[in-house]
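Both complexes shown next keep subunit A, but they swap its partner, so subunit B is in the first and subunit C is in the second.
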Partner chain A sequence: MTHAETKRQLWYVQRISAMVLACCVVAHLAIMIYAVRGGLSGAEILARTQGSWLFGAFYAVFVLGCAAHVPIGVTNIAEEWFGVRGFKSTLIAQLFTWGILILGLRAVWGVIAS
Partner chain B sequence: MTKTLAVSVWRGKEEGGFVSYEVPRRDNQTVLDVITHIQRNVDHTLAYRFACRVGMCGSCAMTVNGKARWTCRTHVSQVAENGKLELAPLANLPIVKDLVTDMRDFFDKWARGLGQFKGSRTRKDEFEKVRPDSKARMAADAGIECIGCGVCYASCDVVSWRPDYLGPAALNRAWTLVNDQRDTQLVERMKAVAGDAGCHSCHTQGSCTERCPKQLAPTAGIAGLKRQLMTTPAGGK
Partner chain C sequence: MKRTNDSRARNHAAYWAFLMHRVSGLALALFLPVHFWALGQAIKGTAALDGFLQFADQPLFKFAEWGLVVLLSLHMMCGVRLLLIEFRPWTGLRKNWITGAVGFSLATGMAFGLALIR
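Moving on to the complex of A and B:
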């Protein structure tokens, strides 16, 4: 696959993941505002989230969206503002992808596992 | 007493500095008139470029008070701030001397984006019928009046960040040809304009559309290329 073709595909991945993230952010904010109301403790949050696979699935999608979206944007910033190209920019993208995936999914697991 | 303008003009090449001149203020004076006055009456060694003086040839574009503009149709009254003008060569292009830039990169990129028309008919064939109200022809017409002045190219941040980026003018040209039903190079052209040297690097910031003296919208053309490329691979599979 040519470099141009890879970049073309990544552009659409970034746009589609942005649409997914926009929906996730709206749902996340709405749930937060609804759930908090008169104040909410950590224990109360965990009581609601633990064992909820629907909650887990929603935030897993959120994490996957971030893991697809963020590295492409960060690579563009690295290339355009700091002149990082080639192997180094790929490495930055990989670091962000795996970092977000591991930390994000671990966090999701942390709040749903009972 | 005659009113005067305080004009700062870039002198030199990449290395150089601004030199101040005093120029008489006249009615309906354009920025190009100001430069011509300096060159003819104050300093004959000042280099600048112009040809038609009526907004057709696209050769007199410069940076006026920090923004790229066509100088022949920019009135001093539109741009002078407190009777002051600062004139510099176009950004994102190498400086030849004073206000003259080397436009080779700019036009080479038109060629790299396959900006040449290539049809299939000869002079012996019938004319192809193109409906002026067809969607494609209207899209082509919207971008066809580009005069190649380089204002969009000098105003584009992506050009300054990615030296291989084709730039708004070349991509606008490609878009007009993508919408020309007579042209035969669609597949090759889509390959040429894809990826980070092409339309996918555009951030839709819109400086090109904001500054285009012909009120064209390269941003819209680039968005059109991105839409078209959603279903067309950039080749090399």
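Moving on to the complex of A and C:
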């Protein structure tokens, strides 16, 4: 696959993930504003999320969206602003993809199923 | 003084929208792994999660939290503007949307701030 073709596909992945994330962010903002009233406590958070497959599915989709969206943006910034190219650029993308995926799904598992 | 093409291109609402979108995105990208790591403490039980929440319950963290909420809403609104320009039959730079994005993020910031102080 040519570099231009890869960039074209990444452009679509970034836009389509953005459409999903925009919906997730609106819900997340509303949940946060609701949740921080009266202070945050572990028990309060877990009472809301534990065993809730609705929350689980929502946050899993959110994490997957981030894992697709964030590395593309970060790599673009690294390339355009810091002149990063080739292997280093791929490394940054991989690092963010797997970092977000593993830490994100671990967090979802933590608040839903543990 | 002769103005270069660069300064003209940058002295523009759409450039500021680009900059807000990019800087907020970068900040959120760097914050996200920390956020997930913190929530992942729940795997070790409620006490571990509470331990982190108590550690983060100080003015500097609260201010950073508030800033991230503002940046998240700003990033979303700037992104939706791009999606509308790219995927809808809209023309122009949608300067009203840029103003709306700033307004929306400030309103979200106020709502979150008020919720934070109860």
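Here, the second predicted complex is superposed on the first by the 106 of 114 C-alpha atoms of A that agree within 3 Å, B and C clash if a C-alpha of one lies under 4 Å from a C-alpha of the other, contacts with A are read in each partner's own complex, and residues count from 1 in each chain.
To be clear about the criterion, contacts are C-beta pairs under 8 Å (C-beta built on N, C-alpha and C of every residue); 3 or more make two chains touch, one makes a residue touch a chain.
Fair warning: this is a prediction, and the values are worked out from it, not measured in the lab.
*Asks:* Identify the partner contact of A:96: answer first if only subunit B is touched, second if only subunit C is, both if each is, neither if none is.
*Replies:* A:96: touches subunit C, not subunit B.
*Asks:* First (subunit B), second (subunit C), both or neither: which does A:43 touch?
*Replies:* Second partner only, subunit C.
*Asks:* Now for A:25: first (subunit B), second (subunit C), both, or neither, which partner does it touch?
*Replies:* second
*Asks:* Who does A:70 touch here: subunit B (first), subunit C (second), both, or neither?
*Replies:* It touches subunit C, and subunit B stays clear.
*Asks:* Count the residues of subunit A touched by subunit B and by subunit C, then name the partner with the higher count.
*Replies:* C
*Asks:* Contacts for A:110 in the overlay, against subunit B (first) and subunit C (second): which applies, first, second, both or neither?
*Replies:* After superposition on chain A, A:110 lies in contact with subunit C alone.
*Asks:* In the complex formed with subunit B, which residues of subunit A make contact?
*Replies:* Against subunit B, subunit A makes touches at 1-8, 11-12, 79-81.
*Asks:* So in the complex, the part of subunit C that touches subunit A is made up of which residues?
*Replies:* For this pair, the touching residues of subunit C are 22, 25-26, 28-29, 32-33, 35-43, 45-50, 53, 57, 69, 72-73, 76, 79-80, 82-83, 86-87, 108, 111-112, 115-116, 118.
*Asks:* Give every residue of subunit A touching subunit C within the complex, in rising order.
*Replies:* The contact residues of subunit A facing subunit C are 15, 18-19, 21-22, 25-26, 28-29, 32-34, 36-43, 45-46, 63, 66, 70, 73-74, 77, 96, 99-100, 103-104, 106-107, 109-111, 114.
*Asks:* For the complex, give me every residue of subunit B touching subunit A.
*Replies:* Against subunit A, subunit B makes touches at 158, 161-162, 191, 194-198, 200, 226, 229-230, 233-237.
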